[in-house]
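Heads up, the next two complexes both have chain A, just with different partners, chain B and then chain C.
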Partner chain A sequence: MKRPVIALIAFAIIACLPLLGDNYLLRLGTMFAMYAVLAQSWNIIGGYAGYPSFATAAFFGLGAYTGAILQGLGWPMPLAWVAAGLLAAVFAGAMGSAILHLKGHYFAIASLVLAEVLLEVTTSWTSLTGGGMGLNLPIIRMSIAAQARLFFWSMLGLAVLTFLMSWYVSAGRIGFALRCIRQNEDASSMVGINTTRYKVVAFVMSSLFVGAAGALYASWVFYIEPPDVYSVMTTIRPIVMTMLGGAGTLLGPVIGSAIFLVIEEVVWRNFLSVHAAVLGILIVGLIFYLPNGIVGAVARRFRKRGAENGET
Partner chain B sequence: MSILELKGLTQRFGGLIAVNDVDLSVEAGEIVGLIGPNGAGKTTVVNLITGVFKPSSGTVTFKGRRLDGLKPYQISRMGVARTYQVVQPFPEMSVLENVMAPAIFAAGASSKAEAMRAADEAIDFLGLKDLRDTLASELTLAERKRLELAKSLAMKPEVLLLDEVNAGLNPAEIEIALEMIRAIAARGVTIILIEHLMKVVMSLCSRIVVLHHGAKIAEGKPDEITKNEKVIQAYLGNRYAKANAAEKPNV
Partner chain C sequence: MLYAQILLNGLVLGGLYACISVGFSLVWGVLNVINVLHGSFVVLGSYIAYFAYAHFGIHPFFSIIIAGALLFALGYVVQLGLINRVVGAPVLTTLVLTFGLDLLLNNGMLLAFSADYRSVQLADPLGSAVVGGLVFPLDRLVAMLLAGVLTGLLYLLLVRSKIGRAIVAVRMDREAAALMGVDVKKIYAITFGIGALMAGAAGSLLSLVFPISPLAGSEYLSIAFIVCILGGLGSISGAIVGGIVLGLIQSFGALFIGPQHGLTIAFVLLIILLIFKPTGIMGRRGYE
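And now, the complex of A and B:
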């Protein structure tokens, strides 16, 4: 009960970031919030249920284009975000029912294909999406600084919503069922768990806020194009962040996205020409030495200390 | 009326007939032994009853309701539980959490507290109290087999299928397991026992069914089964059966 409250306080402190008046920091803050949405969402299907989903970019891109098209039609911005989230969830529900009977690598490949198909559809459907030319969003009549604050707070609000969803999952029946499924799916159905239903629910939960974040991202950057929003990196980053922080834990994805963002920025600045290689080596090293993520390593140290104290 | 009834149960895997036209009717409160040489189709029968496979033909009826075609989770919620030949705990969970899972999802406990009470009851019943907070992955084989029993008991089953719960245990552990199975039966649970160890089957079962190459070749009381010529043939081969029959022509 204590740790989630600390996390909410941390979110509240981060929300005061605009007081510093630094636009670079505000941009980083918005990126952190977006990463936190993606990582926490992936954690539900990938961390709790143990299904290695590579569909994050599909939900993100679908949400981005839905939001952009609806805003182009004159929908108010918040409504377009909500609609984008809902459409991503419906898409996840339909696709999840079709591919969630696959396991391990097979599921991973099937989920990876979702983004590729959407990328092709988006690129060829020129009349609706502008195709490879990309799509411009309506200009907002607001000062640059006010816009930066608006998108920062909106994205952070979305991250808090995603956190509350994760909390609900981890503390309740759904999380228990998903943890059982991760450890032994056959035994899960034998103890009365409707595995298909829980897996689809988890997949839908892992898409809802990602779709909304995609739409928010589109509004934030004003211009989207298919290779940008359906980028493989959009899929890979949340997975790395979650593993870095601790998969299947409540705080892991949030901590992981913050640390990943810092690493990414530092590497980017200092090794511009070889940043991808340096980042790759860092990721490999982290996964080698922190297989259970930061939260897992800290929990283990505490348990060890507790055991030693118990003996003496 | 019998609590569990199999009629013409058949399962084909491609060209292989794993279970061939098996009829069986189990009365409430019975302990029925299901025996047969390796590959006779015993575990396949369990998988057909619990919904892991859908039978190629034939029916499974539990208290007048058809089970064939239902999913495992639906069957387990109706009150048919099983244990696995190869134990299937949730390794990263404690014994308590392992037993709470069926209490919540199969027995439909309305709250976490109620599930915990039901789980604790099953854990006490099987003498796992001291291991309540131990991770399942840290248990010995005998303890894990007992955990399987506790899990299936927490489902509040009416029929319990035990698939080789004694395999891999030493004689002392088997004695304990026997006592536990007897205690579970005494609570009114109907038990179908799949077993290789004849000593266990003989001492527990009121009735024994013998499978060979997927078909039922004999059924009867333990002492009838040990004298049945077809059974001896299936287990010990034709030559032994003939020699045996020549020695004792009157049996």
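And now, the complex of A and C:
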């Protein structure tokens, strides 16, 4: 059976989580789905195209505030989520055409600064965003358990959509073009790949579902404030998850976000005061001992075993 | 007169910013590594100055030497043991690695020193002098002058000393330098150590100016980023120009738009500059 199909079956099994009736597990499941959206989205620009984007928090925060403000105006929740995703995509398209000609560190910094500028704008624009006081979302008339299920399934649905998008990218022309760009951008341009167009497309794709996830997150937690949604950690986590699972692979980000969530949860519960340090150690260990991620390491072992058995 | 005073404040602030950024710029230019640890190095320098004053009564102006030496050792070891192993890897790898190390260091400082804001309360502060209607905050002024002296010493080191020439050579062409018998890995470690030294020294000086807390690290890092992009990467003159420009933007921005928007203006300017002139105001130049 094809690997993507197995992944879809796995998503279907996870979707049965509410049957267990454990709200804590359901919360973890929602977190997992959110992480999977962020990691898979980053993987498109950071993994396939190899552009070190640090813009995830910008898209996430923009989406969260768009969703919250629209819901405050009385928009129905799903419509607010869609609008948030679209606005993030438009923002990514506009900014991407401006900064994607930068390379290496310069692109990394420019993408990082996007979130900083949005953070400052959101904090200053008090009349619209509530400023540093944060923003409360309208209460939903629904039982707590029903809400938990609703947000879990919505977030998981978003993760599946992101997965389908990644699948489409990795199997199609776009993925081929992006891999070429990662290996040698000048050469790709020479053989007729419109590198600028594909980079902007990849940047937009990496923003669309992140914006929607931000809005969904805002509805889920009812209260957002600028330092929370624009946090640097929102940018770093998906990168670490993707590297953990395997950057530039289809399943890597999903596997990475599941493992990352487990590690994070264990550390948060037991060693709260050193959680940042543990994340730091995880990162350092990852870079030195698992540079290609779990999927990369497994693939290499299979290849080695195949070679020993005389297979090709 | 108000404008003259703001100009003066901006220049003093800018001198300190230049000192924060010059080590960051050096490491970026020579190693092609963005050292996310830099902000925490500055904070560590401030703590060393704080404790040196609290326990031994050493004036922060003199703990530059202690902080510089300790930070140099730390930077040297970190580079030799860890970062050297990935120095040629893609940008993402070194960025994420130094970010991870920064999480470690910052968490360690939080545990050791707590998140409380501290400040060095001098027993006999220099106070301020009024000359021609302008107020000169003397402690800040001396700190800025010392920052200038340190930056000048770094320049002399790079231009005159054998190690400095080796650093410049590695920056220009790594392979050629290696063929001339330069031990590139060692030069990397020394460069990173010097970057940390400058951060530690800047931290000592800043302990008199800004409140000290592990949480300040990210702000120092942002300042270093902005200064390097504004002034242009990897040259001392670039760091000085960038620092002074940022200092002036912040003080005049505070006057015309509001004190809370100083960094915002700088960030917006940074994006515009990145898009249209990524080499910065001073253009791309080395230490030659």
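As a convention for this text, the second predicted complex is superposed on the first by the 309 of 312 C-alpha atoms of A that agree within 3 Å, B and C clash if a C-alpha of one lies under 4 Å from a C-alpha of the other, contacts with A are read in each partner's own complex, and residues count from 1 in each chain.
The rule is short, and it goes like this: contacts are C-beta pairs under 8 Å (C-beta built on N, C-alpha and C of every residue); 3 or more make two chains touch, one makes a residue touch a chain.
The structure displayed is predicted, hence computed values, not measured ones.
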| item | value |
| --- | --- |
| First, second, both or neither for A:282, with chain B first and chain C second | second |
| Touch count on chain A, higher of chain B and chain C | C |
| Touched partner set for A:176, first chain B, second chain C, both or neither | first |
| Partner chain(s) touched by A:189 [first = chain B, second = chain C, both, neither] | first |
| Partner chain(s) touched by A:270 [first = chain B, second = chain C, both, neither] | neither |
| Contacts of A:126 with chain B and chain C, given as first, second, both or neither | neither |
| For the chain A and chain B complex, residues of the former touching the latter | 173, 176-177, 179-180, 183-184, 186-195 |
| Interfacial residue positions of chain A with respect to chain C in the complex | 46, 50, 52, 98-99, 102, 104-106, 108-110, 113-114, 116-117, 120-121, 124, 232, 236, 239-240, 243, 273-277, 279-284, 287-288, 291 |
| Chain A contact footprint on chain B (complex, rising order) | 50, 52, 71-73, 76-77, 82, 84, 88-93, 97, 100-102, 104-108, 151, 155 |
| Interfacial residue positions of chain C with respect to chain A in the complex | 28, 32, 34, 82, 85-86, 90-93, 95-97, 99-104, 106-108, 110-111, 218, 222, 225, 229, 260-261, 263-264, 267-268, 270-271, 274-275, 278 |
